[in-house]
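Data block below; observations after.
Each chain carries a letter (A, B, C and D) given by its place in the written order, and its residues are counted from 1.
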Amino acid sequence: MKMERINKLITLKQAGEMISDGDKVAIAGSLIRRHPMALVHEIVRQKKKNLTILGWNNGIDFDMLIGAECVKEAHSSYVGLSNVGLAPNFRRAVQEGKVRFVDHSETCAIDKFRAGATGAPYALSKTPLHNDLQKNPEYQKEVTDPFTGEKWIALEAFRPNIAIMHAHRADIYGNVQLDPQRMMDNETDILICKSADKVIVTVEEIVEEEEIIRTPAQTVLSKFFVDAVVLAPYGAHPNSCDLRYDFDIQHSRLYRDMSLSQEGFIEYMDKYVYSSSNWEEYLEKIGKDRLDAITRTDIIRR
Amino acid sequence: MKYTLEELLAVEISRHIKDGEMGFVGVGTGGEAFIRAVGIPAVASRLAQLCHAPNYTIMFGPILDPVLDAESIPETNFEPDLIRWPCRSQITVEEALCIFKRGKMGIGFASGAQIDAYGNMNIVCVGEYKNPKVRLPGPLAQPDHAAHAKRVFAIQKHDCRTLVEKVDYISATGNQNREGLAGGGIAFVFTDLAVMDFNPDTDRMRLRSIHPGKTLKQIIENTGFELEIPEKVPFTQPSDDRDLELIRTRIDPSKKWLNAEITKEPATLEKNV
Amino acid sequence: MIQRTSKVKKLKDAISMIADGDKVAIGGSLIRRAPMALVREIARQRKRELTLYSWSAGMDYDLLIGAGCVKEAWSSYCGLFQFGMAMNFRRKVESEEVRFVDLSESCAKDKFRAAAFGQTFCVSKVPLHTSMMENPEFQSIIECPFTGEKYVAMEAYHPDVAIIHAHRADQYGNVQWKPIRMMDNECDILIAKSAKKVIVSVEKIVDESVIINNPTWTMLPKMYINAVVELPYGAHPNSCDTLYDFDLEHGRLYREYSQTPEKFKKYLEKYVYGCPEYEDYLNLCGGIETLSKISRDTLEVE
Amino acid sequence: MQGYTLAELLAVEASKYVKDDEMNFVGIGTGGQAWIMAVGMPTVAVCLAQHDHAPNATLMIGPVLDPLLDDIYVPDANWEYDLIHWPCRCQIPLEDALGIFRQGRLGLSFASAAQVDKYGNFNIARIGTKENMKVRLPGCLAQTDHGAYANRICVTVRHNRRTLVEHVDFISSAGHENREGLPGGGPVLVLTDKAVMDFEPSTGLMRLKSVHPGVKVEDVIENTGFSLIIPSSVPETSPPTKEELQLIREVIDPKRKFLEARITQEAAVLEE
C-alpha cells in the first residue's frame, strides 16, 4: 500500500489541544529571548490547569502562565523580566503560596534536561552541596562514587510530557533549524526538546524541504523529535529572536506596569490575549509599525 | 582628577585581577544592579588587561573573550548586538558548564540581595523560603560559581538590609562550610563604603579599607552584623589619573558600562551613597 | 606592556610534554583525523608504558602499539577500516603484551564526558550482561536512588594528555574546525576537555582576526590548550574532513608493512625513526605537491 | 537461473521488517562482503520500505541522518568528503546519536557479527577465551549500545558452524539469555545465505522461519553449530517480485553501489 509522508504542520489551536491539564511542560528560550509566546498565549486561552512548568532561565513565559492560573508547580533558575525588572505575577503567586516554585541552579537545570535528553536516570552534581537547593529532597538524593568514595548529589532527570519551543524555520515534516548565527545558548533548547515525550515547535517561517537539505548541519531537531510544527511569525514577541528581531522593550514595560496589580494583569490579558482568537490578531494589536521597529534585516549567512 | 564611585570600584577591583585567569561576568539585567554585576567588572577587566593582565579573559555569558575596547562594545546588550560583538568564541552553555566544573574559572563576579558575615549570598528570597516576604528571580548560575570558581568577588550595596548576620537562603556558599566543594570561596566584598575580605581563622568578614570620604562609624551603622575591624584600617587607594584617563577615553567614554547606558536603562550608584 | 602568551611549539617540544607512563587520549576516529604526525613523534621519541584512550581507534593505536610504546589501551574499536585488521594491535593483544579494555562507544564517550564535566564517575546500563563486565573496572553496580534500577558505575577518564588534530588555530590556542565537517568530531572536544594537558596540531596557524571573524567555529577555546603545532597534512595518511582524503596508497603500504613484526620495524625505521623533522616525512611521501593530490576543499569559506 | 541475487532476496525479506515512522540504523561499515551484509543490503531494504509501506521510515548512517536514498542522490564513494555532501536532512553529533539510542528512539538496528549463538548473543570482539585468545577482532563499536537499547535487531551472517555457535566467546551484544534491566527488545531476525531465523518467545531460542529457495532443511541443520528449533513445517523464503526487482535495479541501486559494495571501492558479491 502506498502511503503519504506525515505533514506535521498544524494550527496553533490544534497544538494547544495536544497539552492536557496536569502535564509537565518544558519551555525553551531563556530570559527575554525566544520563548514560544504564541503557544503560551494559546495555553492561557485554552485555560489549561495544574501544569508543572520546567525551564532553565525564564521570563514573561512563566510569569504569564502563572498569572493566568495555569500552573501548580514551576522549576527554573530564574523567573524575571531581565532588563525591565522583576516578574510581578510570579512574585505574587509564590509569595502567596499559590504556586510551588522549585529552585535549581542553571547547571542543575541543564543537567536535568541533559539527563532526560540522553536517557540517563539522573545527573551528578556537587552544586547543591551546603546550600538550600536541597530543600526539595524528592528531586535529589545523595549517592557515593564507588571508586573514590566521594559523595555526589543525584539530580533526577527532567522527563516532561511536552516541550514547546520557538525556532527560526522548519519544513512541514518537522525538521527544525536555527539560523547559524545565533546565541549559542540556544543549544539548551535542543536538550529541552529532546528530554520531552512530545515536542511542539513554532517557527518564523516554513521552508521547502530542499532548503533544509541544502543546509543539514543547521538542523537542530530532526523530524523524529518533533510532533507538530506551527507557523507563527514574531512568535517570540515581546522576546527577541536572534538576528531576526529585537526584544520589544516598550511592550515589555507595558506588560510589567500593568502586571503590578492583579486587576491590571487581568486588563492586559483581556486586551491582548483573551480577546485575540489567534496569534495574528495579537500581532495586529501590537501594530505593524512597532513590529517594523524591532525587525532586523541582517542577511543570514548560511 | 575627581572620580566617581563607579570609577573608584572599577579601579580597585582591577588591582585584584591576576594575569592568565578568567573571570565570569553575567549578561546582567538593567539599572543599578547591572552596574554592580556587569558594568564595574567589565571596566575593571579591561583596565586589568591594559595595565597588568594581558592574558586575562572574560566570559560574558555565551560571549567568550570579547574585544573590550570602547569602539567594539555594542550599542545595546540585546541579542542581535551581542551576537555581533567581536569575540574569539561563542560558546554553548554546555561549554560554559565544563569551564566551571573543570575548575577553569578564576573569578566569579557576583552581586546579591543579601550577603552574610560568612560570605553566603542570597538572590532567591527575603524571608522564609516556604513563605517568602520577597520572592526574587532565582539562583541563576550563582551556586555553580560559588561551588567552582577559584575566587568570588561580591559587589554589593552597603546597608543593613543587604549585609546581614545570616542570609535567608544560601544561593552561593560562603566560607564557613565548603566540604566537598572544589572552588575557593568568596574573596572580597566591594561596597559603596568599603572593601572587605575574610579572616581565614574565623571565616568572618572583616574590613580591609574604607573609601576616601567615608567613615568607620558609617560602615558600622550600615552593617547588619558585627564586622571584624582590624586595629588599623587604611583608605581605599584612590584612582590615579592614568587609570581614569584610560576609563574615560579608551574603555568607557559613553558610560555604557558604568552608567548602564548599554542596557537602555541608565542609572548611577552615587545617589545611594 | 606584557605580551599575551603564544602557545605555538615545535613538534619535538610539544611531544616532549608527554612522559613515560602517561595516560594519553587520542582524537579522531577510525582512520579519520587522528593526529598522526603527533603520534609518529611519540613513537620517534620512544615513549614507553603509555595507556591510550580513544572512542574509536585506528592506525594511531596500531602504530604506537607496534612501536612498543603501549602498556594498556581502551577503545570500542581498533582496526584499519577499509584496509582490514590492525595487525600490530592483534599480535600484541593476542600475546598479552598489551592489555586491551573493550568498551562500547557510548561508554567511552560517557567516561570522557564525565571527566569533561568534572565528574568522577558515570553510570550506564550498556555493560549489563555483556563481557565488558569481566574487567574489574566494570564490576561496580549501583542502584538509581529514584527508581532502584541497577546501573554499572564507570570511572571517568582522566588522561594526562590529549592529542588532537584540527583545522586551524591562532597562536593563542583558539582552535577551529570548519562548520562543514564530520559531526562525529564533536567527540574530540570532550576528549580534549577530559585531559590535564592538550596538544593540538593544525593544518594552519592563522591570525587572530580570522578567528574573530568566525567565532562560532571555535570548538576549543584557548583555555584548554597547552601547545599548538602547525602541521599541514598532520592527519596523513588519515583523512581530514573535507580538507583531504585518506591516502589510499599509503594505507595499503602500511597494511603491507604491518603484516609481520620484522616488516613493521622497517616501516618504523623509514617513516618514523628516519624522519627527525616533519618535513622529512612529508618529503618521503612525495612532498606537499604529491600530497596535494588528495586535497579537496580549502580552509576558506565557500 | 533464479533471476535474482542472494543480496536482492535478503533485501526484500529485510524490508518487510522495516516499520513506518521508525528510525533504522546501519553503521558506515568497512568493505567487501561484510559491508554488503551490514550496510548495503539493509540500506536497500530501508529504501524499498520507503517506496512501499514505510514512507516515513528514516535511516541513520553514522552521522548522516535521514539521507536521500535513491541512487541519483547516493554518492559514488563513501569517503568522508562524499558522506558530508550526501544530501540529508540532518548531520548530527555523536552525542545526539548515542542519546537517540539511550532514549529508546531506535527502531530497527542492522547488525553483523563474527559469532551469533542460539540465544542471539553477538560477538564482534574476539574468538577464543580471554586467556586463550585465537582471533582478536576490532571491538564492540556501538553494538553493545544497540544490544541494550534498540527496539529490534536484525543480524545478517554467513550460515556455517563457525559463525552460528552454541555460545559466543564474548558477548558484545546481549541476546535473549539474560535481558534483565535492559530496555531494548533484542534480536528478532537472523538472515543468512541459507535461511531466515527468528526467536521462540517462550525460550528465547533461535528457530528456523524459512529456507531460501533451493536450500534443504537438512542443509541448514548441518551448517548450524547448535540445535536449532525446527517447526513441523518450514516454508520457503518468498522470492522478490518483478516489481521489487525493477525498483531495486532501476531506481534504488542500478549501479550496485550497495548490493555489490561498489560505493566502498572494494566491490564484492554475496554469493560464494
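FYI, a residue touches a chain if its C-beta (ideal position, glycine included) is under 8 Å from a C-beta of that chain, and two chains touch if they have at least 3 such contacts.
Computed from a predicted model, the values in this text were never measured in an experiment.
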| field | subunit D reached from subunit A - shortest hop count over touching chains | value | 1
| For the chain pairs B-C and C-D, which is connected through the larger number of C-beta pairs in contact? | C-D
| remark: When centres are defined as mean Cα positions, the distance from subunit A to subunit B in whole Å is 30
| query | From the C-alpha centre of subunit B to that of subunit C, how far is it in Å? | reply | 40
| Intercentroid distance (Cα basis), subunit D paired with subunit B, Å | 59
| note | Residue numbers in subunit A touching two or more further chains are 120, 150, 181, 184, 217
| query | Which residue numbers or ranges of subunit D touch two or more of the other chains? | reply | 91-92, 95, 98, 101-102
| Do you know which subunit B residues sit against two or more other chains? | 90-91, 95, 97, 100-101, 182
| Can the chain contact pattern be summarised as a line, a ring, a star, a complete graph, or none of these (other)? | other
| said: Applying that definition of touch, give me each pair of chains that meets it. | reply: A-B, A-C, A-D, B-C, C-D
| task | Please name which positions on subunit D make contact with subunit C in the complex. | result | 30-31, 62-63, 79-81, 83-85, 91-95, 98, 101-102, 125, 130, 133-136, 138-145, 147-148, 170-174, 177-183, 264-266
| request: Over in the complex, which subunit C residues touch subunit B? Could you list them? | output: 1-5, 116-119, 170, 172, 174, 193, 208, 211-212, 215-216, 218, 221-224
| remark: Touching subunit D in the complex, subunit A uses residues 1-6, 117-120, 175, 194, 209, 212-213, 216-217, 219, 222-224
| Contact residues on subunit B for subunit C in the complex? | 19-20, 22, 50, 52, 54-55, 57, 64-65, 67, 86-91, 95, 97-104, 148, 182
| request: Write out the stretch or stretches of subunit D touching subunit A in their complex. | output: 20-21, 23, 52-56, 58, 65-66, 68, 87-92, 95-96, 98-99, 101-105, 149
